[in-house]
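When the chains are written out, they are named A, B, C, D, E, F, G and H in that same order, and each has its own residue count from 1.
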Amino acid sequence: MDERTLKSWLKELRTQRISDRELINRLKDLPFRDLGFAKVDNHRALRCGLAEVIFCEGKTPDRVVKIAKEILRTGSNLLATRATADLFERVRAVDPAAAWHEDARCITVEKKKPTPLRGTLLIVTGGTSDMPVAEEARVTAETMGARVKTLHDVGVAGIHRLLSHRKTLEAADVLVVAAGMEGALASVVGGLVRRPVIAVPTSVGYGASFGGLAALLAMLNSCAAGVTVVNIDNGFGAGRAAALALGLKS
Amino acid sequence: MDERTLKSWLKELRTQRISDRELINRLKDLPFRDLGFAKVDNHRALRCGLAEVIFCEGKTPDRVVKIAKEILRTGSNLLATRATADLFERVRAVDPAAAWHEDARCITVEKKKPTPLRGTLLIVTGGTSDMPVAEEARVTAETMGARVKTLHDVGVAGIHRLLSHRKTLEAADVLVVAAGMEGALASVVGGLVRRPVIAVPTSVGYGASFGGLAALLAMLNSCAAGVTVVNIDNGFGAGRAAALALGLKS
Amino acid sequence: MDERTLKSWLKELRTQRISDRELINRLKDLPFRDLGFAKVDNHRALRCGLAEVIFCEGKTPDRVVKIAKEILRTGSNLLATRATADLFERVRAVDPAAAWHEDARCITVEKKKPTPLRGTLLIVTGGTSDMPVAEEARVTAETMGARVKTLHDVGVAGIHRLLSHRKTLEAADVLVVAAGMEGALASVVGGLVRRPVIAVPTSVGYGASFGGLAALLAMLNSCAAGVTVVNIDNGFGAGRAAALALGLKS
Amino acid sequence: MDERTLKSWLKELRTQRISDRELINRLKDLPFRDLGFAKVDNHRALRCGLAEVIFCEGKTPDRVVKIAKEILRTGSNLLATRATADLFERVRAVDPAAAWHEDARCITVEKKKPTPLRGTLLIVTGGTSDMPVAEEARVTAETMGARVKTLHDVGVAGIHRLLSHRKTLEAADVLVVAAGMEGALASVVGGLVRRPVIAVPTSVGYGASFGGLAALLAMLNSCAAGVTVVNIDNGFGAGRAAALALGLKS
Amino acid sequence: MDERTLKSWLKELRTQRISDRELINRLKDLPFRDLGFAKVDNHRALRCGLAEVIFCEGKTPDRVVKIAKEILRTGSNLLATRATADLFERVRAVDPAAAWHEDARCITVEKKKPTPLRGTLLIVTGGTSDMPVAEEARVTAETMGARVKTLHDVGVAGIHRLLSHRKTLEAADVLVVAAGMEGALASVVGGLVRRPVIAVPTSVGYGASFGGLAALLAMLNSCAAGVTVVNIDNGFGAGRAAALALGLKS
Amino acid sequence: MDERTLKSWLKELRTQRISDRELINRLKDLPFRDLGFAKVDNHRALRCGLAEVIFCEGKTPDRVVKIAKEILRTGSNLLATRATADLFERVRAVDPAAAWHEDARCITVEKKKPTPLRGTLLIVTGGTSDMPVAEEARVTAETMGARVKTLHDVGVAGIHRLLSHRKTLEAADVLVVAAGMEGALASVVGGLVRRPVIAVPTSVGYGASFGGLAALLAMLNSCAAGVTVVNIDNGFGAGRAAALALGLKS
Amino acid sequence: MDERTLKSWLKELRTQRISDRELINRLKDLPFRDLGFAKVDNHRALRCGLAEVIFCEGKTPDRVVKIAKEILRTGSNLLATRATADLFERVRAVDPAAAWHEDARCITVEKKKPTPLRGTLLIVTGGTSDMPVAEEARVTAETMGARVKTLHDVGVAGIHRLLSHRKTLEAADVLVVAAGMEGALASVVGGLVRRPVIAVPTSVGYGASFGGLAALLAMLNSCAAGVTVVNIDNGFGAGRAAALALGLKS
Amino acid sequence: MDERTLKSWLKELRTQRISDRELINRLKDLPFRDLGFAKVDNHRALRCGLAEVIFCEGKTPDRVVKIAKEILRTGSNLLATRATADLFERVRAVDPAAAWHEDARCITVEKKKPTPLRGTLLIVTGGTSDMPVAEEARVTAETMGARVKTLHDVGVAGIHRLLSHRKTLEAADVLVVAAGMEGALASVVGGLVRRPVIAVPTSVGYGASFGGLAALLAMLNSCAAGVTVVNIDNGFGAGRAAALALGLKS
């Protein structure tokens, strides 16, 4: 509910078209339902370019399409993560503006340009296998208006690859570091910059990587203070957190 | 090595006081040793008010004092975490300006005011037992120039306590949420604000909390996208990450 | 064995149709076999509408059908959980009254109405992906005579969705909360009501959710005292526990 | 905020003592702050005899005493769990009515009798070492008005000890089962009764009991459907959940 | 090497058909290679009816068949565990005497009757889903000459089912208890008999059973002292251990 | 209840001193209460020399002494494990026949000689640090009448130490193998003998031994089929299981 | 950058074709980018015969082929691990010299013979199922110039199989031990030789082997000091470490 | 047993001083007992300067001293790890040549100089808290004749500290890297050198370091192939493995 509605109600009261009781009833659940926090969310979404998001994994294609339709009907941008090419085809049938980001496994529909965020997000990966997670972060941040650069395959086993891009690292306002195996890249990057570093452990690895647990623990124990961590393979969360941080510049 | 030195070398070359070979040798290890990255770190510390930090746990008092002396001799601010009252007495004997933050278990010595950061950091705790971690975050962020507010004991079991401070939450530029047990507070806060939320799981709890693991996993799996996480009880890391984020406003 | 049988035996003894020895032999294993605790279970089943249950996972279709036949032959209601559509077809071939609950993955055959339980069970979910578990709980509780309401997709990241239904929450006599990821919903709900809350962690999530472990630990560490927990994805157990609690009202 | 206040506001509006804007402002934060949910909690506490609770572990004695004073000042009953004999002495100095429950490690102060709950709670333990947890459950439930019976040392290694009390088990309205080691008691009890069974794994054991994890997992996997579980050693939570269930009878 | 061979060598030495050097060389590796511990194993196998065993999982069908051929060529009995029906067909093509044990997933070829062991092994299961493991134990023990009885589906949730067979339990000389979920059956059986009880946790269960870990931990923590445990789903190991124990009677 | 009692009851019935109803009531709970299974347990204890056992850890000295008094009053032998020298003094004050086994941390009081078991138990340890566990096994088995031999410090890193005692190993009827660290000794011993091998992982080790978990897992995964395992440091359980196995020889 | 380039720059400076400023700029990022550490790596690769390596798992065939092409274009040897037969066909289409190592799941292309390393690497396996890992180690070490011998199927359950090859063990300069299940082989081998032993836990096993965790922990806790460990199933890492050790002989 | 003895036996046989039976008996246990593998071990110890080692933790002082006496009586060098200052005093009372290494917590007694190994071992640490582990490695390697250098406090958060010592790193023949927290140092070092790198995770850290598990997993998953790992805090094992590798140069 916006203030306009509330004002009209008060007018109804004053002109005695509704009783005290009626207004009380209307107001009772208002802060949640009638003021509609979903609406507030919509406002915020419009304001900062934040698309509505569908996490597709574990949802039937029918349900994903149905939710997508509802989001698109409100004129909102759409971001669907952990999607498949098949799902993309079905969403494109609903809205031809749908775009498919293969590496990121994301579908986006941009109904209106997000307000551009200031500054730059740099996404760094340890190896090419971390790219799907990095791309998910990139697509997510871009739907929120972020300008994103990437620096791939600079894992610590060949530290010089990373160090030769020190200027790129230092020029970034926020950094996302996606790495699997031992996840050491986050610590090294964290030690090279004075900006927020968001670490995403990836499930790249085998054996005692335990599905990304090794990288996760390493990143949580980073000796480079100031590094923060999101869930294993959670490119979406990293991208979102990074864009929120960039939002501080605006 | 600064440019001045390099110029003088080139001059020596041109004037044939040194040979090609000699210059090549001088240049070889220069980017690391002679440009002195430790120096760069010092510069950065001065510039953004970042104190040098000693993690006291597992160090003998003698070593802590010795390191503290060296830091103080360079005129740097000092932050010693996981300290004890005894240790504080010993540091105060070295420098009477030393301050003891009991709840935070931190010693600070402020030789020069850190450059104030813009915006506000809000530290939120689930219960009073989370306070030591929250205080460590506060002291850390303040040594970096952050303005910090706190909101204690607003755990989700009494959700209204939290919701009644929604304005405070929304007014913050960056938030640190410290919570133990099930760590749900991070998700609820993360769903209420559009700013970076840094979650610190605390080891408050027993049994299947497994020393903070329950809260850690919960925070990593937060359904409120954009929440990032630091190590269990790592108030220092949270405070530092928060101050780095605030630094984006400057 | 019921008392009637026992009386007739004693009569046989008194009238010397059987010897002491014979009666002793008859009595020896009686409390278990002849009094037939399975029978007692049957009585209880009839009395409180508790259907016999088959956990289908890991059983061959042939065995499930065979067990189902035996249960149905005794006139008992049937509940088969973790079933498949194929299995349903095979059970329907045995008994056309069989019903298929797709989301719940349950087959039911209702031979007689369960005695209705007093009060209401409210099943709350964090997201639509938790629905299969919630539905299993619903179907289970209904076979025991419970009246069930549901409240879907009220996860804590948008706390207002939940709070706008506070009256529904408070009106329930028993609540089941099914949530994956960080499982925080149980704590928030547990803090809003003064009735038994049974939490079901679901395996919805990825990475450090470790198949539902994160939600499980969170729920076990709930700061909302009084919340009890069942196994990951155990909608059946939650539904049964809830119906047992409702049974206290009768 | 109650309706009376709201009505007076509307009157102010109609009589033009306040503007639309003023009323809108007043309404904005109302559901949380002005209705005062803390107050509601107080009311509920009084109504159902629920004492305010302090979890003492990890709090300094000074803080515990300070919180206790505040609770007692409001005339509320007090329950302090995980306390020590020393702490008890300090609380008794504040209020001579304080009682010390040694096995339960609880302090209680009963300012007013809790409204008695109907029915009976039976607390069952596997061994005498589980008694502290069982006693914490008993004290907690009693502060909420529950009538509690106990059945100690009936572990499954001597199943007959348990079976010889079958009538006691069947007579209970709600059961709490506290057991360490393999925690099998919960399953056996759960199979003998048709009432809610709340299982508390205890940390009794060594080696691969991993501090109660073995019992916890066993109870979560109980083949006796309907058993629900609380955290390891969480006698308080079990007692509270049991009393909430008994509350359904009232 | 048997003594006969050694004697003939010594004779060769004395009769100077071989030199000291030659005999020293022959003796050098003798305790391992020439005495052939594999041969010793063969002797033992013949003596106690122990078939040679192939663990098929993770071996290519070709390799399994090749190993089987070699074993059969020596006239030894064959036991192949974790086999498939396809594999059985291939082994039967090699030796028509091959038998397929479907539930146990075992292939056996009996070239000579194993020497019967004295006493009886009783295999007890918690539910029908534990049968494959129990059957593997049965087939294994039978290839070693054990007489095996079974008692299926006597899980502790319906303790009377078990207790009604107390005589059967007490009559057994060795017991194998296979149970999944919470694995409580081992403790209850262990408390009812004074004979060796070998517990096999099975991977039957879901969620927090963690692939049999819950049952494994429960059995290791059994309050019924004297219960010993084998690996999850290790019916083979349980059968073998049981037959070794029965061997003490001979 | 014995048959004599039952006969007298039937006589009472026939002579009409009691009614059908009275007899039915008497019979109802009889198999458990009136036959007195605790009594049966006592009988069994006397018959096979099995002492009553107190696990002292986590029990107050007062309770241990009280339980010990009760056991001794019935003329039973006493075994108290995980005891201390202080506790021993207190038990000796009760009964001067009490013996203290320092390495085993056990107190025993032998009121009557246990019936000797046939055969020999051999207890093998990897290192001298495993001795407390081995000694607990020895004392336990001896209280049950077993003849025990020991073979200490034959860990696999010096395999020849073990192999040089092959005859001792092969001469044993049952073997207990106690080893920490990687627990490999159980596999090697299990491969050398054709008798039951009971493996006890000990908590000897550090780091990734995780309190004995490494040895436990190793023993459960032993490639020497037939090895069974008890809980970490559970010398008592191993001794008891070994004596039960020896009992098969009698 | 090589010295020649640097010399030419200095010449430009002396001849005033470039300014001080220009040279300073050129030198600034030189140690990483212009000296080209990747080039250094190439040199090292040529010098010690170390092939470039592609870890194929989790890479699309297209990407693997593309990387392979680039490596081959530089004239480098190629090693592709965790490959498939299909992938091999595609690489062979690129370079007919490609070889397929089926057991090792490796593709190699040898463009030039690696410089032979002195000494011998012995790879020892516990069972035939460990062969893929052992073969990966062999192929890897051979691409680095190592001479490799193998000793298969000498698991500790039949310790004599291993001991009969003691000379082979002692003759090796470096040993790789690949074993699954309880991984005890590493300790026994480590106790028999005075050379570096590199242990590779394999995921061979089931149940409580937890995908190789049991063997991993066992090897880390080896009582044979001097044994070092690589990741589960990491034959590649073991082979490389072994070849690096052999490199010390040169 | 050496060949001389065997020859004399054969002579006795030929000259009929002993019978076939007698010789057979003598030969039977010979490879283990009479060839005396302990003796061989002694020889090896003397030859390569390997001191006998006592792991003191968990042994009573009396036992440590007793073992030390026996070792010293044979003229062997002594190394006692995980010792205390008190223990040192007691050993010095036995042999005044005893030396105390405080940081390493080691006692050494050097009765004869170990044969010097060729090459150099470099021990690298992430932080000063890793020093005890590094020192244990140093002392261990030195008792085996290794020349050891150290490079402390070069953790990856300030990567330049490490890179400025690249020549030192490259000059080493074998490297030991001791690091706690996220253990990333091993990967970075492993990527900079072409020599064996032995990684020792240390328990330095807190929270999700889980006693060194994070560093252990990171090191096992190192993207720098060729890094091998020892147990957490196992400086002794690392030092020994390093010295064994250096032994390849001799």
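One rule holds in what follows: contacts are C-beta pairs under 8 Å (C-beta built on N, C-alpha and C of every residue); 3 or more make two chains touch, one makes a residue touch a chain.
What you see is a predicted model, and the numbers here were worked out from it, not measured in a lab.
Visitor: Using direct touches as single steps, what is the fewest number of steps from chain B over to chain H?
Guide: Counted as steps through touching chains, the separation is 1.
Visitor: Common contacts of chain F and chain H?
Guide: Touching chain F and chain H alike, sorted by label: E, G.
Visitor: Hopping along touching chains only, can you work out the least number of steps from chain B to chain F?
Guide: 2
Visitor: Taking B-H as the reference interface, identify its repeat among A-D, D-E or F-H, namely the pair sharing over half of the contact pairs by residue number.
Guide: Duplicate interface of B-H: F-H.
Visitor: Centre to centre, using CA atoms, which chain is the farthest one from chain F?
Guide: Result for max centroid distance from chain F is chain A.
Visitor: Report which interface contains more C-beta contacts, comparing A-D against D-E.
Guide: Counting C-beta pairs in contact for A-D and D-E gives the edge to D-E.
Visitor: Rounding to the nearest 5 degrees, give the angle of the rotation that lays the CA atoms of chain D over those of chain F.
Guide: To map chain D onto chain F, rotate by about 90 degrees.
Visitor: Which chain is most remote from chain E in terms of Cα centres?
Guide: Relative to chain E, the chain whose C-alpha centre sits farthest away is B.
Visitor: How many Å are there between the centre of chain C and the centre of chain F, using C-alpha atoms for each centre?
Guide: About 40 Å, centre to centre.
Visitor: Using mean CA coordinates as chain centres, what's the chain C-chain D distance in Å?
Guide: Measuring from centre to centre gives 25 Å for this pair.
Visitor: At which residue positions does chain B touch at least two other chains?
Guide: 32, 158, 163, 207-209, 213, 216, 220-222, 225, 231-232
Visitor: For this entry, which pairs of chains touch?
Guide: A-B, A-C, A-D, A-G, A-H, B-C, B-D, B-G, B-H, C-D, C-E, C-F, D-E, D-F, E-F, E-G, E-H, F-G, F-H, G-H
Visitor: Quick one: which bits of chain D touch chain B in the complex? Just the residue numbers, please.
Guide: Counting only chain D, the residues touching chain B are 29, 32-33, 37-38, 41, 55, 57-59, 63, 201, 203, 211-213, 216, 231-234.
Visitor: Which stretch or stretches of chain G touch chain F in the complex?
Guide: Touch list, chain G to chain F: 126-127, 155-159, 163, 181-184, 187-188, 190-192, 205, 207-210, 213-215, 217-225.
Visitor: Enumerate the contact residues on chain B facing chain G in the complex.
Guide: 3, 6-7, 10, 13-14, 20, 23-24, 27, 30-32
Visitor: Which residues, counting only chain B, touch chain A once they are in their complex?
Guide: Residues 44, 48, 53, 119, 173-174, 194-196, 198, 216, 220-222, 225-232, 236-238, 240-241, 244-249 of chain B touch chain A in their complex.
Visitor: In the complex of these two chains, what residues of chain D are touching chain F?
Guide: Chain D reaches chain F through residues 128-129, 158, 160-161, 163-164, 166-167, 204, 206-209.
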